[in-house]
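Both of the next two complexes hold chain A, though its partner changes from chain B to chain C.
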Partner chain A sequence: MTRETAVPLHEMISGAKEEILTEWIKNQLSDKSRSKGVPEASLRNSSSEFIRLFEEAITKGNVDDIEKPEWEEMRHMLAELSATRASQGSTPSDTAKFIFSLKEPLFARLTPEKGQGNTEASAAVWQLSLLLDKLGLYTAETFQRTREAIIRRQQKEMLEMSTPVIKVWDGVVAVPLIGTLDSARTQIVMETLLQKIVDTGSRIAILDITGVPTVDTQTAQHLMKTVSATRLMGAECIISGIRPQIAQTIVHLGIDINDIVTKATMADAIKEALARGGWSFERHLESV
Partner chain B sequence: MDREKLIVTPLMLGFQELKTEDDLIEMRSAVKRHAADMGFSALNQTKIMTAASELGRNVIEHGHGGSVQIEHIRELDRDGIRLTFTDDGPGIADARLALSDGYTSKKGMGLGLSGSKRLMDEFELISPPGTTVMVTKWM
Partner chain C sequence: MDRIPILKIGDVLLVTIQVDFHDRIAIALLEDLSEKIVDNSAKGVLIDISALEMVDSFMGRILGNISKTAKLLDCHCVLVGMQPAIAITITELGITLPGIYTALTAEDGMKLLTDMVKSKTNGKTSAKKQEAKWR
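On to the complex of A and B.
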């Protein structure tokens, strides 16, 4: 069926290219819901470019698989179109509608007179409809992919932002961990922490896990790796911010953390770190 | 134990595919949310969430991905949350060995299965083919 209808299809389009284009642009411009961000000139340009590539691709005989090389230029153009339109403030459905709106002028030419060649015409309509749907959906997918790339980039930025290493005293650094401690996160924490230990010549590092929602075996393993690496640098590690429910969960899981110094709060950890450094404090009540 | 039983059809709370580490994070917060909505204590919420995290990671790392089903189950005098993890992976050949503390087939701590068994009230493992782990925590 594909091969049979392919020839008349592309001939039909080549023959009436200008008419189809004019009608298509006219329809788009008269559409009230059309996004105002897209200038008329660029709409005309992309419309004629689309028809040109569309004709080219179906002339090569492929009317159903847009993943094939003959559609490559078209895919490229649509990807660009969807990116520009997104930056002009169009939604993905606006961009898809741009393609779907070609159906009207195109189909009008496929069903010329009532009662004549109905089966053949409806087969061609069906085929074209599927094809335009695929192209329209392709623009939506591209839009989504662009979005996802942005999200991934932001996630990465957030990951790096959310692991500050703070110098709390001479020779004492602290890292407040917030969120899930997965492998990527541990890697970043470890790198920044070890670097800060070198830079400040610290002897004690405090890892605060108040903001870590769960400590499962993987998180525990990651914490232990960080502790071992810190030790190799000649510094000691204190883990603080262990909430009661986390403590009980760790015990139930059966994780052995006996050789790690832990404290309930960051304040306790700082006190311990200072005591180890030989610092002692006095409170002068008369000055309060 | 002789209990008078009334089993009501479980209430489906959620279903999620588990393929990537991101699915795991999403699943964990969904489980915690449902447990909190049902009225579990903060301690039990953490226990359920941690067990879910262990079992979910098993699905991803050993079962090559699968899914989890979260249900609210009701009996005559008690309510509970049930998590069912399913994958079509190679399965567990020796369940007793896999459930013993410290046994690991990879580089983990070997506490995932046995630990989550201790964190929950009921634990059921069916394998092979694939692996299905069903855990329940009663309120």
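On to the complex of A and C.
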């Protein structure tokens, strides 16, 4: 919706640019609720930058759609602003408020020029209001997108970090599982474990579930999958770290894991693995 | 038509799959292998699939059938060198390979087979013990 106003918006803005800017900055600085994290200098800078780009984009004639190429520079600037403000500790509403606060000095220019109740003036107010709303929301959106990207990255890192495969002894690897065992985790555990088995030529893999908070049918299913994949590779799996409650849950649920070797603790599992590998140990008490 | 060679080493037959293992070759291998087992009165089969990079449900079934057939002919079947991706695919497809023995490398597999064959000739009980140790 583009309605022609008698005095084009951009002319009005460029005519009173300095006035609007000073008033805007004054308003922002006097605002008590303003976030203290943003220094005055950077506020002045970003305000004048915003007005400059705003004028530029409006002069090009497009006042409805900020997705258009005319607004490219503005979008870029807002994305940067949103990111720096977020790192300075501002909330997304603070950043959006920064843009919404331009309405006051801007509208103040519109109405006296054209008089109260002027339809043209109100049309211009409406148009500008819509535009500034869009720009404000854009900063909030960018903020959210940046945060989501961070969350996704951290999630991925956590997944990768939470599944270390440890070489315990020649031919023995162990995976201490920590956290809930869902299908995505199982997939990563399987991949890293099987690769490690190939790399180290291990015959025995120990899956330690001490850090798995609960075991339900699905978790058990995932464990069984890992065990059978390991078997297909030609290695044997021992499940260790089964807490008493978990043992009871497994029995209650009627999950059949009869053909899997299970041990109460990791130590027992390592002992068993070494014994199978033909290792034996002796403790010399006199040297203690 | 391409056929996978079956090599005889003592009591054991050795199969290495190095070509594109498509359905027709797989069926031919199953037929050839069962005939060879009977002809040579082989006691064990070692199948090396380290070069196999892709597997589907049909391949999984064929591998299972090979081991079942071998078992019927009183012959142990050991699968060696399975790639991690193949192992994951087979489990995700829900294919179980009952009665099949697996080993990480051809060397391990050969040792396992000769142990099993040896203990079988020595007597039934020790064979069971041997199997229990490996399962």
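Heads up, the rule we're going with is that the second predicted complex is superposed on the first by the 167 of 288 C-alpha atoms of A that agree within 3 Å, B and C clash if a C-alpha of one lies under 4 Å from a C-alpha of the other, contacts with A are read in each partner's own complex, and residues count from 1 in each chain.
Rule of thumb we're sticking to: a residue touches a chain if its C-beta (ideal position, glycine included) is under 8 Å from a C-beta of that chain, and two chains touch if they have at least 3 such contacts.
Computed from a predicted structure; not experimentally measured.
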Contacts of A:G234 with chain B and chain C, given as first, second, both or neither: second
Which of chain B and chain C A:M190 touches, first, second, both or neither: second
Touched partner set for A:K225, first chain B, second chain C, both or neither: second
First (chain B), second (chain C), both or neither touched by A:D216: first
Partner chain in contact with A:V198 - chain B first, chain C second, else both or neither: second
Contacts of A:Q245 with chain B and chain C, given as first, second, both or neither: first
Common interface residues of chain A - those touching chain B in one complex and chain C in the other: none
In the complex with chain A, residue positions of chain B that touch it: 21, 25, 28-29, 32, 42-43, 45-47, 49-50, 53-54, 57, 101, 108-109, 111-112, 114-116, 118-119
Residue ranges of chain C touching chain A (in the complex, touch as defined): 79-84, 86-88, 90-92, 96-97, 102-105, 108-109, 133, 135
Residues of chain A defined as touching chain B within the complex: 180, 182-183, 213-218, 220-221, 244-246, 248-249, 252-255
Touching residues (chain side chain A, partner chain C) in the complex: 187, 190-191, 194-195, 197-198, 201-203, 225, 228-235, 259, 276
